[in-house]
Structures are given as C-alpha cells and as structure tokens.
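For reference, chains read A, B and C in written order, and residue numbers begin at 1 within each chain.
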Amino acid sequence: MKLTKRALMTGAAMALGLAATATGAMAQDKTKVGFVYVGPVGDGGWTYEHDKGRQAVEEHFGDQVETVFVESVPEGPDSERVMTQMALDGADLIFTTSFGYMDPTINVAAKFPDVKFEHATGYKTADNVSVYSARFYEGRAVQGTIAGHMTESNIIGYIGSYPIPEVIRGINSAYIHAKKVNPDVQFKIVWAFTWFDPAKEADAAKVLIEQGADVILQHTDSTAPQAAAQAAGNVYTFGQASDMAEYAPKPRISSIIDNWAPYYIARTQAVIDGTWTSTNTWDGIGPGMVGIGEITDAVPAEVKAEALALKDKLASGEYHAFTGPLKKQDGSDWLAEGETADDGTLAGMNFYVEGIEGDIPQ
Amino acid sequence: MDLSAINPVLLIASLMVAATAVMIAAIGELIVERAGVLNLGVEGMMITGAICGFAVAVQTGSPTAGFVAATIGGAALSLLFAFLTQFALANQVASGLALTLFGLGLSSLLGQGYQGIKPPATPRLDIPVLTDLPVVGRILFGHDLMVYVGLALVAAVWAFLKYSRAGLILRAVGENHDAAHALGYKVVRIRIMAIAFGGACAGLGGAYISLIRVPQWTEGMTAGIGWIALALVVFASWKPWRVLLGAYLFGGVTVLQLNLQAAGIAIPVEYLSMSPYIITIVVLVIMSADKSRAPASLGRIFHATS
Amino acid sequence: MLRLEKRRQPSQAFAYATPVMAVIATMIFGGLMFAALGKDPVAAIRTIFWDPLFGQHAFYYRPQLLVKGGPLILIAIGLSLGFRAGIWNIGAEGQYILGALGGAGVALAFYPMEGWFIFPLMILGGAIAGCAWAMIPGLLKVRFGTNEILVSLMLVYVAEQLLASMSLGLMKNPQGFGFPGSRNLQQYPSAHNADLIANTGMHWGVAAAFIAVIFAYILLTRHQLGYHIRLTGEAPRAAKFAGVSPARLILFCLGISGALAGLAGMFEVSGPAGQVSIDFNTGYGFTAIIVAFLGRLHPVGILLAGMLMALTYIGGEIAQSSMGLPAAAIQMFQGMLLFFLLAVDVLTSYRLRFGKGEVA
C-alpha cells in the first residue's frame, strides 16, 4: 500500500511539472474515497441522496475506508481544484456527482493516472474514469402507469427543470405509460428553468392544479409541489430523488428514489480488491439504483398490482420502457413493433413522442 | 393551446400569495432606505428568518411562535449591520453584501437537522359566506393570515410615513441627516430602529416562504427573493403603495408565464423568465418622469462631528 | 462613554494595522465557532490560511490563488473607479456572463478554423459585450435618470437566462449528445487561454488583472480623469464647477467596469472554465464588490484583498475535505472576516475616545 501511495504522489507531482515535494508523507492504510457535490448536503434531493450513498460506504467498510467530501462546489475550475486537492491528499477513488464536472474530471484524471474517478451522468470515459448514471425513466414508466389510472380530469401536470435529455426522457416515458392505460390522457408541461427554487416550484404546481391537473409529476427536487398539492386537496404527487414520505399517503402516492449506495459500495470494494476497471454503468430498477417508494393505500389495489408488475418486468429486463411501436411527435416512425430504443438515442433524447403537445424550448 | 384553461380568479388569488413574501421584505427595506440607509443584506436576513421561524414553529408546533421568532431572528442579524454602519461607519454596500454571505452560512448551520420535516400548518382564513362568494370571495377572503398581515403592513407604513410625527422625523433623517441632527434628532438611534424594523420584516418574509409558501426547509431556499425585494423598493420609488403594486406585478408576471406554459402556448420560456426583470426596467424608465427620487442621504455615512 | 473623534488626517499606521487586526479577530471568533462545531480550531485556521501558501501541496495551490483571484481583481478594479465617483454598478455578474458569451461566441463562430487572430478577436468580443451590457444602465441613467443600481442588478437575472438559453440552444455543442453546454474551448488551440508558463496559473486574465491594477493606479494618481473621478465622489458640486461632465463620467465608469468584467468572463470561459454552461457564473461579480471595498477602492488594496478572498476560498475547500467542516461554516467565516475588516477600518480615520459626549 505504502509503495503504491508513493508512486501515486510522485506521479502527481511530476504530472504537475514540479519537484516531488510530497513523496510518501501521506502514507496510510485506509482506502480514501472522495465525493464532490454540486449542492449542499442538506438540499433534500440530489446531493442529499449522494451523501446518503457516502454514509452507506462508511458504514459498510468501517475503519477500512475513509471518506471525504466537499459540498456546493461550482462546476468549472473550482471543481477541478477540489478534485486535484482530494487526489493530492491521497484519495484512491473520487466520485464527481454532477454532469458539469465532466471535463474537469477528465482533466484531473489525466494528471493522476493512479487515482480512480467516477463521474455521474456524463459520457466521457478514460482508463481511470468510469461513468455511471441511473435509468430514472424506468421509474417514470411506473409513475406514468399509476398517474394514468389515478387522473380523473385526464390532465397530468409535469414540472420540468431544464429541457435536457434526462428530463425529456422522463416525460416521454411517463407519457407513453400513462397513455397506455388511459388513452384520453393529456400532459401539461411547465419548464421552471431552474434546478432549485422552491417558491417557483410551488407556483408551477399551483398553476398546473388551477388548470385542471389532478396528478403532478415533478423533475425538480423540492417538496414544494407536494405541499401545494396537499393544500389543493384532490391532487396526487410522486416523490422525486428522495422518498418524501412525510407527504404520504396522500398527496404523495409513490416516489422515485435515487439509491447510489449499492454502486458506491461495489466500486469502493473494487478499488480495495484491485479489480477496478473503467466502466460505463447505466443501471435501473433491477440492480437497485432506481428505487420505487412505497405505493400508498390511496392507490386502488389493482392499480398498485399493475404498477408493481410493471416494475418487476422492468427489473428483470423482460420489458423495456421504450418498446415500439412508437412514433416521434412529428409523426415520423421511431421504433417498429417490438423494437426497443438503443442507449445512444436515449442518452441524447431531444424529441417528444407522438401525442405530447407543445414544443421543447430551445 | 387553450387560453380558457387559465382561470383569472385563481390567477389573481395565486399572484397575491406569490407576492406576499417579497412585499413584506420590501416594505421593511423601504423604511430603512427612507431613513437614509441602504441595506443590501435582505437576502441574508430573509433566509435567517426562514430558518428561525421554521425551527421554532417545528419545536413549538405553533406557526405564530415561528413568525415571532423569524422577526426576532431577522432583526437580530440586522443589528450586526447597524453596528457596522452606524457605529463603525463602514460602507453600507459592502456591509450589506457581507451580511448576506454571513446570513446564508448561518442559516445553513442553524438548519442542520431540519431537512425533510413538515412544519405545522398555518390555517387559511375561512369566513363562512364571505369566502364562498363568487370571484371576490376567493380573492379577498380565502388566504392565509399572513397575506393580510402583509397588506396591513403596507397600509401601516404608508400611514406612519404620511401622518405620524415619527414618520416625519424618519424622513427628515433620510433626506438630510446633518440638518436633522442640528434639530436635535438622534440620527443614529432612529436609523438603528429603522434597520431593525427592516430586518424584522425581512425575517417575516423569509418565514412566509419556509412556513407557508413552500413549506419546508432547504438551504438557500429563498433563492434570490431578497434581491428582488431590493429592486421593488427602487421600483416603487420609495412609496409604500407602489411596493404593493410592484409586488403584484412581479408575482403576476411569474405566475402568468407559468400559466401560459401550462396552457400549451408556445412561448420562448427563457425569454419569458427574463420578462419580470425587463418589465421592471421599462417601468423604471417610464416612472423616471416622476419627480419622486431617492432619499437624499441614502447610503451616506453620518458622523455627528464631521 | 466611548465616542469617535475624527482624525485630522487618516492614520497611516492604522491603515496598515487594521487589516491585521481584522484577520486576528476573525481567527479568534472563527476559532470559537469551529470549536463549537467540535473541530480543532488551530488546525482549522492553519488549514485555511497556512496550507494553501506554505503547506505540503502549496506548489499546486499558489498558482490556484492567481486563477481564483485574477477575475476578482480584474472586476473589482473596474468597479472601484465607478464607486469612487458614486456610480454604483452592482451588475458586474451580468457583464461577466455577457463577456463570456461574447468571447465564446467569436470562438465558436470561427471553429474549427485555426489562426492567430482569433484570440485577440475574442478579447475584443468579450470586452465589447460586457461594456455594452453595462451601457444599458449607463445610457438609461444619462437619458432618463433611472437608478443604475437597480437596472444593473436586474440585468444580472436577464443575463443568467440568456446564458441558460445559449447553453441549451445556440451555443450547444453539436457533438455533445444533446447535453447542455458549448464545445470546450480548452480543446480548441486558437481560442484556448492557456497558462502563459505551464502550471503557474498565470493565464492572460491574470496578466490583464495586473495590468488593470497598474492602469488604475496611474489613472487615479496621475491623470486628470482620475482626479475628476475622485472629485465627483468627494464633492460633486465642486466637480461640476471644475467642468466635469456627469454624463460622460457615468458612461466612462460604467463602460470601463463593464468591459473589465466582460474581459474577466471571456478569459474565464476560454481558460479555466473552458465552456459556456448553464451554471457558468459563480458569483465573481458580486464577490468583486466586496473585494473592491475591502481594498478600500485603492488599486493595490484591491490586489491584496482579491488574493485574501481567493485564499479563504481555497483554504476553505481544503478545510472542508480534510477536516469535514461544512461549507456553511466556511461561508460564515468569510462573512466574519468581512465584518471585522469593515468594522475596524473606522480606526483609520477616527480615534476612540473615552468621555462624555453623544455617541455618534
């Protein structure tokens, strides 16, 4: 261990074009895992769930592993510095948990060939950089199914953050499955153009409710829409990122939970065992990266059973959330009968499927 | 596309809610600026009020206690600013910005352990008969109490500035602190009271967000509303009723653009998100014909023997 | 009772001593806070102030101080000119964004062509875009008498929306698989604002910051325009008699501060940041206002204040990861430092007296 550390430090110093001032001083027997967060750990959403994953790593490995993290790191040069600093301080594995950290991760990884990097939601890999993301759209399929059954006004509201493939994928998946169980369903989509602004999210939810939506799906992380739905009465919602169980059993009738813990534990184990290789992971419900929160009693038993059956089929891989026949919004053919979408198209999805009204803002 | 989906009654009712927090904070800042002090730390005081109010409401189970705590928290933080600018004669712009930085940090430290908790509900006004009236019932009588507190505050500040002797003195201090001092008024004491009032209002506005509008606690949840409050004061050219107008306009544009989106009208969203700010600028230009102007001593440092 | 008495002229000794006093006071109170959070206060303070400069990995952090401090100084210098004349541009954040969009726009228009002239054109594009954005409050103030504080602040939010729109639309990387964000200019040699000497952190933006410091110093001490700026701030009526045109001064101060903020954005987007993205701006424009005041609106003071701010940022990040301090504690610590720096400055121009008399 000591030897590899020394090699690492020397490599780092050389890569930075400077004398190896740091050699060997940091030798230690623990495996050190770093986490770079884009928001505060108390955001109750995205970063909060990543930090739960970090805590799970600490719990699982105990004294074998030391974890460090820096929160609210802006994308760009600040993140590059934080990663470099973690690597200099002897981190063996660094998780960078925002899309905007992609190029900085690649840059820093090139300077520290012996440190392993894991970048969330990106697409650039290297010998020591893996990427990982979750197939949240599988969870959206389950949500869409429940939503399609639950709506009485046939209007489902959807709060989007920014029009990026991740969000568009979720809208399409939810729509396809809501339509399947309720052909009359209509989606009203509102773009908040912010990742985080609870007050604006609350406004968006209220507007959707006022315009007749009685089920609200959200792709923003705060519980503001849940509270708005509760105040309005007969409106159903789904938890996003975290379980939001405090709003169960109504309005929150289920949720999509980001569960990074199994992946983080597995990758840390791989580093300890020396079996780590660069991979491209995109896991869904099956491996447990996407969790479906408890479906409450507000949902009729047969709907719940149908949703759970869909969840099982998605988990086993028997069914793909994007299975043909499907057309794009403009009416052109996308997937033929029985054909499933390839990951490349899904990753860069920038179109609505047939039936959704409105344009994606450009 | 379906414009009929937009219900004007509900639109007005929800813009009143959307406008309340920023209005309360702005009316407090108006008093501060009328006294000749520019406190740019509204955002920091709001978020501190948001967590103070939230924490106390959760601990005691009483939203009222929460709102009281929020005013105390906001006022306490503002006294830090008062000390810097009134005793240490520090620059007000820089002190205000530092106050925001400090308040954001303080609130997230205080808020550790309060994530994912639901605060006790604040009852909504429900007067039999009146609330059930068509149109006006929902607009006038269907809100939570704080909406009315906000309106009452605007009216009170207006009456205070226009009719009371204390209001006259406050304005004199803001217009010409040297003359006010020569007349024997305690410039520093008056300004400290004004600053504390501004802090209390900002705290109250913050608690409105964390206890009613959202309601939850997350770090940085005011998300820039304090800055908009500052803009509103200037927009209102330091007149209380125009704060109300401005707040409703601002809330209205935000709610309207979301409404248009939901109605499926193809609008360039990012450009519409800009619109409240651009409209503020436009209105500002239009209103510049108006003779009303900033308090003459605004932002200037006062020292009795200088 | 304590009271303040104005000195005949500002004390030189206190001008140098007060910043040191403030830093020491911050260390004491910050240390108490860290202790209250259950961390070793001495270690925390050493990590923040000492490690980036002289610690084990200082070879990496020292250049980073330039990377972080450069834009702050460049923007603050521009702002300080206006602040001296009583012209309040607090929308530098927006001008910074526009500068980045202007610079990156030029680069992306030429992509993938290579040529020596591209980078100078980008500099021009960034400066013009930032300057133009600052001219909006300037012209409105001159023409209609609108308040520049408000207009420049409002334009920050407009610029942020414009930035989001550009990263999602016009400037989106066509090879980016639909993800937001532009091409990375670091991989486009003609447009890349690289370190002038590798691994020193010394890129063109830092060089520009140093040039701006010198330029501002000469302007303020040697040039008539600098005299007019100071006169307008200290005695507006006298300035009018001296023949200073307020309109021209407003446009100059806003224009120059906008251009410098735009340059900072352009150097950032083509260098350390590399690309236009939704969250490209990180508050440099606002922090620079604080830096300008911490530096007492003096070019050399701003240089030092910018480096001090950069130090607390970098040291704060190290303290977070190596000691587990929450980011909020670091933020409060920075706030305290600013409070103390602002509070003790009074001693430069005033002395404390015990005795009777009204507390002013």
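The rule is short, and it goes like this: contacts are C-beta pairs under 8 Å (C-beta built on N, C-alpha and C of every residue); 3 or more make two chains touch, one makes a residue touch a chain.
The structure presented is a predicted model; accordingly, all values stated were derived computationally and were not measured.
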Maximum distance between Cα centroids and chain B occurs for chain A
Which of the two pairs, A-B or B-C, is linked by more C-beta contacts? B-C
Here the gap between chain A and chain B, centre to centre from mean Cα coordinates and rounded to Å, is 35
Rounded Å distance, chain B centre to chain C centre (Cα mean): 28
Quick one: which residues in chain C touch 2 or more of the other chains? 161, 164, 168, 326-328
Where in chain A do residues touch two or more other chains at once? 40, 193, 361-362
Can you pull out the residues of chain B that are in contact with at least two other chains? 108, 112, 219, 224, 268, 270, 273
Write out the stretch or stretches of chain A touching chain B in their complex. 39-40, 42-45, 48, 157, 188-191, 193-194, 196-200, 202-204, 206-208, 210-213, 222-224, 227, 242, 244, 246-247, 357-359, 361-362
As the complex stands, chain C meets chain B at residues 4-6, 37, 83, 88, 90, 140, 144-147, 149-151, 153-155, 157-158, 161-162, 164-165, 168, 286, 289-290, 292-294, 326-336, 338-339, 342-346, 350, 358-360
Considering the complex alone, what residue numbers of chain C touch chain A? 56-57, 59-61, 64, 67-68, 161, 164, 168-169, 177-181, 184, 186, 198-199, 268, 272-275, 277-280, 282, 313-314, 317-318, 320-322, 324, 326-328
Which stretch or stretches of chain A touch chain C in the complex? 13, 16-19, 21-22, 25-26, 34, 40-41, 68-78, 80-82, 84-86, 88-89, 99-100, 103, 107, 123, 162-165, 193, 344, 347-350, 361-362
In their shared complex, at which residues does chain B touch chain C? 40, 80, 83-84, 87-91, 93-95, 97-99, 101-109, 112, 188, 219, 224, 227, 230-231, 234-235, 268, 270-271, 273-274, 277-278, 280-281, 284-285, 288-289, 294, 302-306
